[in-house]
Amino acid sequence: MNKRKLRMGMIGGGKDAFIGAIHRLAINMDGQVELVCGALSVNPETALESGKLLFLPDDRTYTSYVEMLDKEAARPPHERIDFVTIVTPNFAHFAPAMKALECGFNVVIEKPITFTLEEAKQLQAKLAETGLMLLLTHTYAGYPLVKEAREIIKSGKLGKVRKIYVEYLQGWLSRLSEREGNAQASWRTDPSKSGKAGCMGDIGTHAAHLAEHVSGLKITALNAALTTVVNGRMLDDDGAVLLKFEQEVTGTLIASQVAAGEENSLRLRIYGENGGLEWSQMEPNTLTLRWLDKPAETLRAGSGYTDRLSTSATSNCRTPGGHPEGYLEAFANLYKNFVLALGAKIEGREPQPEWLDFPSIDEGIRGMAFIDNVVASNASDEKWTTYTV
Amino acid sequence: MNKRKLRMGMIGGGKDAFIGAIHRLAINMDGQVELVCGALSVNPETALESGKLLFLPDDRTYTSYVEMLDKEAARPPHERIDFVTIVTPNFAHFAPAMKALECGFNVVIEKPITFTLEEAKQLQAKLAETGLMLLLTHTYAGYPLVKEAREIIKSGKLGKVRKIYVEYLQGWLSRLSEREGNAQASWRTDPSKSGKAGCMGDIGTHAAHLAEHVSGLKITALNAALTTVVNGRMLDDDGAVLLKFEQEVTGTLIASQVAAGEENSLRLRIYGENGGLEWSQMEPNTLTLRWLDKPAETLRAGSGYTDRLSTSATSNCRTPGGHPEGYLEAFANLYKNFVLALGAKIEGREPQPEWLDFPSIDEGIRGMAFIDNVVASNASDEKWTTYTV
Amino acid sequence: MNKRKLRMGMIGGGKDAFIGAIHRLAINMDGQVELVCGALSVNPETALESGKLLFLPDDRTYTSYVEMLDKEAARPPHERIDFVTIVTPNFAHFAPAMKALECGFNVVIEKPITFTLEEAKQLQAKLAETGLMLLLTHTYAGYPLVKEAREIIKSGKLGKVRKIYVEYLQGWLSRLSEREGNAQASWRTDPSKSGKAGCMGDIGTHAAHLAEHVSGLKITALNAALTTVVNGRMLDDDGAVLLKFEQEVTGTLIASQVAAGEENSLRLRIYGENGGLEWSQMEPNTLTLRWLDKPAETLRAGSGYTDRLSTSATSNCRTPGGHPEGYLEAFANLYKNFVLALGAKIEGREPQPEWLDFPSIDEGIRGMAFIDNVVASNASDEKWTTYTV
Amino acid sequence: MNKRKLRMGMIGGGKDAFIGAIHRLAINMDGQVELVCGALSVNPETALESGKLLFLPDDRTYTSYVEMLDKEAARPPHERIDFVTIVTPNFAHFAPAMKALECGFNVVIEKPITFTLEEAKQLQAKLAETGLMLLLTHTYAGYPLVKEAREIIKSGKLGKVRKIYVEYLQGWLSRLSEREGNAQASWRTDPSKSGKAGCMGDIGTHAAHLAEHVSGLKITALNAALTTVVNGRMLDDDGAVLLKFEQEVTGTLIASQVAAGEENSLRLRIYGENGGLEWSQMEPNTLTLRWLDKPAETLRAGSGYTDRLSTSATSNCRTPGGHPEGYLEAFANLYKNFVLALGAKIEGREPQPEWLDFPSIDEGIRGMAFIDNVVASNASDEKWTTYTV
């Protein structure tokens, strides 16, 4: 464990923002990080008010990330932040991330990592150059049973993988909410803020990441059909993709934000020669294993199941079985591992292997490439588009 | 109700056959039909033994459907069969069906209706010519809550339909069982007996039928990728299809017989502007409605729910809510409606509208066309193949 | 298999009756029984009309069970019925059953077997005297996974049994329906027709039977609190009972017909030293096994699971896994086994062991004793009432 | 919102303790509280090490709660703790709580509140005298949908309540773990540390609280049968209780810690004239409403469902629907409301009504009385024991 709390600054995440508040809940939980400064909003009034709500001192409440990073970099080492968390809309990820790295700060960043693949590659180069650390908050990778699923695939128990089905259904964009004052809908459906894909960028990337992450297999070709279902919308709000993975595995990816009545239904199924696994984000503490020749098994999350689950899973549980953990705990797991790994680095200790288990720049590159490839495939009359990075 | 039991002959369905036994269970249930003769097997010994097990008189146990149909046609009207049920493998559907129609007998036939689309069209013409009736046993259409789902879509409660997802996952062909003496596997994976598609013909057609049947929308274009996952298999055992339907609706169809650990998981989801519905064959007595603006509702099958369900659904329930009905009852519903409609016709009565609710030649044509189109699309490098009949 | 269909007569079960129709569906399914006569109603018009709907000849449609049994007994052996099924209200079970036995006919009877325990004992004596067979239709014993649960307990896999929880919740008597023309509610809440217990007789007996049947343990003492929740009702419509079983096992039985919104929720849980099992009638094709030291397992019904399930279970499945079977199939299993055992007896063959697996007079005696004991305990201020027969 | 973080000290909860760590996760989440001192263990080494892990200064790491409370009381107001959290075993709740109140500190305390009912009454008197605040961490009351359930009952939508079924099944004490070095098992089954009841004190009190809390009805009489299933155990590990509530409502309470394979299965069902509700702790984001005359509804937790759920529920959600929240968030809700109410009091502001929604001394008194009454009833041969406080 770390000898002191790490110090963090936040960029974006003012008082009415959605994802910034989620990040703070996740950061707080384990008590290993102190929020010490913020450029929470470009609006001075909002910035100040947000800072007060978070008990920040006025002199560490900024309205410009540039100012914040410069001033923090100038502080003495025992005050200076260890890392910065960037929770602005997609188009405003790259510049602060790059500046933070240049100032010597480690970085946490919401997904998708940048606005373009090119930017992501520049970040990659800068990370290599500086040796700093980056956490990309692909939240769903933080669930203990997602980790368990990955270990099961790796173990070969299911036999050679054959099929991967992933789907992510939401209904919250079933109407033209971006014209009705919904701030989230507004920027997420705006190509100038969100990027070249809507639904596929926002949630399709989560689904693609989950599929690759758990299976350990990379997508090699795709056959995409994106749709803009709601009239007047500027980006895709729905789509389906046929997939080819390495090792002759095939699959499908379905994503929709107009599946009216659905909440946040991310679901992964992988089948191998001997059986299959299924995990659903909305009931995340259960992992179902179905077998060709024996009864299905239900794995359950829980800190005490050290004989039933891998260390990878149990080290990311905080409570015994039957005490449900959820989205915020999954999110907190990303931070926990990042912070433990970063603390070890700062203090010159060897990290435990499980601390290194968090998404980073490689996942960011894959995410941006997925967006590029899925948009390209959608625009093509060819059935299959080779996945390129 | 009919004044007498209808008389039936059966072609195929000898003592070790799978689907013939299922048909008989379904036929028996309501006590409206009497099995009076059979050409249950081409093997004389099997035919005789099977006949005895079914309490058939020896002189109405045949080894040739031609003989059976000729002899039955020669019997006096009060003995003669009213209809014939054909439960042979796919390649042996057409000839007995055509012969039966020529002899003046109504026909029940397992799906897919014939070996080729051309044969299906010939049957269509013969039916039109003779005015006889045909039941195609698309079992899943017999479930009360499938009927309810169709009524809900028709009612417009969900708003304009936008998305259709249908999937049918089985795992029983995960190994090369056709080489291990599994008779079902053997003929179903043999193109000379099953037809030009394997998985897509066997279960993909069920999925396609369910999607069109419930939504009331026809597929207009498809983008298919079929796979033969198990080495040495002669036909596809897996596939996924992107779909376009009428009215700018899009969707996906997933079918696999190598999803190891899955039993018979047919599942349909349809989303409209206001909400979505979900039905799963393995828990058929529940229909979930999710709504954009209110809590999800769970409809349940049951004969007493005359205020909650449509007549279309309740008239196909035999028990009160909470007394689960299943696959055999769904199957029996097809026969029940067919037999009531046929009885009415024979007796010169007007049928009740719900009796006419059973799949027939049009569904047979669509099924064969689906096979043709999905195979053509799979062979094409073009993304979209226009669906033609 | 039997060489001929067995011949059956039915007492009660006219055209508007509930349970008679259920019996016929169950009887028909396997095609092993022919309904040849009936005293379906004491009302001549109803009797005749009901007979016609069932295609009975007029001369075997009776209005008096006495007349029917006498006339049938006088028929030549090759015409005479093999058994009679009694589906009248409780108070009218005993007399026709006794008369049938006296006439040499085997008997099928709805539960509870008689109106009083004393009557049940008289039937027991008559059965012993005549050597005839009796089937008591405790339907829930017919489910394949109930049989599997019993085998699992017997095998000792769960270790010594410790706890038994059984509950049966319905909501259909939440209002005073007996005063609103509901015929079922009317006789079932009338002590002169139903007996000394209402809810406990109607469904509590099912729950008690299931607990004893699956666990193999007998109730030895009980502590009951019955309630009449709906004002104006003449019998209990709700109750709960603390139970002691043999071998120091304890448990609870909950039954209610005023659990508004519940359908037919019969649910059994048994825990042993190593794990527990759970089965719910409304999802009868799943049996959950939970273990102290390993992941929970989900057993599924299915004719093909000969390696996963006992013969006791698979021999009572008609379809492969994933093709749901339900209440009517469970009911049909009772008849199937009874008819196979009876046929073997008639034909002088040795029955297969699994054919003898159906509830009979012993279960009938236990059921009537349960009613007596639960009513006595409810009336007592003593905590525990010793269960006596 | 509060103008500053509240300052907290912790008594108990050293580095290997279970519930102390849970409290800290819950406290941290919302970032409104700072842990500033602790008497985390009576073992000096453990106390110091635990303090370091929590980044406490050495001079605020104590080995005696008396010393801690005296020294903290002597600090200037801007440093002094606002409240103390007591997470010691049951027998060590009362003395530090009383001392804290005497020092003028507000108190958070694990349940059961004290070792005896008499102690609880003394705390009640002291609270009245001092006007200080107390939070009793009946965690399950913190779930949003438990609050919703309570609001639904209060609204009368279900009609007059008739039945309450509550059960709490665990399996973790299926073996004699207290003899195998399990620290939790050891003190919880030791009457000198846990109190006069084992299972009923540990989890039966949770079940009783949930039933009374949601229904708004108090238990008036009970009929209990407790068991010690595992040989050698010193307290009950299992039991069942028939209940009478106010307004002629009846119910049952089942609790077991030897239900092998169960995790933490707390489940509540309440039925009224028009329908019933069901909530299960292991899937806490779903509340099922079943209705006599319409389809069942599924309510879901989520911060955005301001039109579907009461403020009482939504104000205790942190994420949108479909992002599961769990046990730690429920726990955090208790603290959140307590801390907001306490902050308002300190700052002289009027609290919002929903901030006052947390369990306190009255629930503590009921819990201790439940233990006394259930033990008395178990010891009695009388069927019913009147519930006295």
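As written, the chains take the letters A, B, C and D, and residue 1 is the first residue of each chain.
By our rule, a residue touches a chain if its C-beta (ideal position, glycine included) is under 8 Å from a C-beta of that chain, and two chains touch if they have at least 3 such contacts.
Going by UniProt, the chains are A, B, C, D = Gfo/Idh/MocA family oxidoreductase.
Here the structure is a predicted model, which means the values were calculated and not measured.
Chemist: Residue numbers at the subunit B-subunit C interface: does the shared fraction exceed half, giving same, or fall under half, giving different?
Modeler: same
Chemist: With centres defined as the mean of C-alpha atoms, identify the chain lying farthest from subunit B.
Modeler: With centres defined by C-alpha atoms, farthest from subunit B sits D.
Chemist: CA centre of subunit B versus CA centre of subunit D: separation in Å?
Modeler: Here the centre of subunit D sits 55 Å away from the centre of subunit B.
Chemist: In angstrom, rounded to a whole number, how far apart do the mean CA points of subunit B and subunit C lie?
Modeler: 34
Chemist: From the mean C-alpha coordinate of subunit A to that of subunit B, what's the distance rounded to whole Å?
Modeler: Centre-to-centre distance between subunit A and subunit B: 44 Å.
Chemist: List, in ascending order, every residue of subunit B touching at least 2 other chains.
Modeler: Residue numbers touching two or more other chains: 262, 289, 296, 300.
Chemist: So how do the chains connect up here, line, ring, star, complete, or something else (other)?
Modeler: complete
Chemist: So in the complex, the part of subunit A that touches subunit B is made up of which residues?
Modeler: Contacts found on subunit A: 158-159, 162-163, 165, 167, 171, 174-175, 223, 225, 227, 229, 238, 240, 242, 250-252, 254, 256, 258-262, 269, 271-276, 289-292, 296, 380-384.
Chemist: Would you pull the subunit B residues touching subunit D in the complex into a rising list?
Modeler: Those in contact with subunit D are residues 289, 293-300, 307-308.
Chemist: So in the complex, the part of subunit B that touches subunit C is made up of which residues?
Modeler: Answer in residue numbers: 1, 4-5, 21-22, 24-25, 28-31, 35, 53-55, 170, 172, 262-265, 281-285, 300, 302, 318-329.
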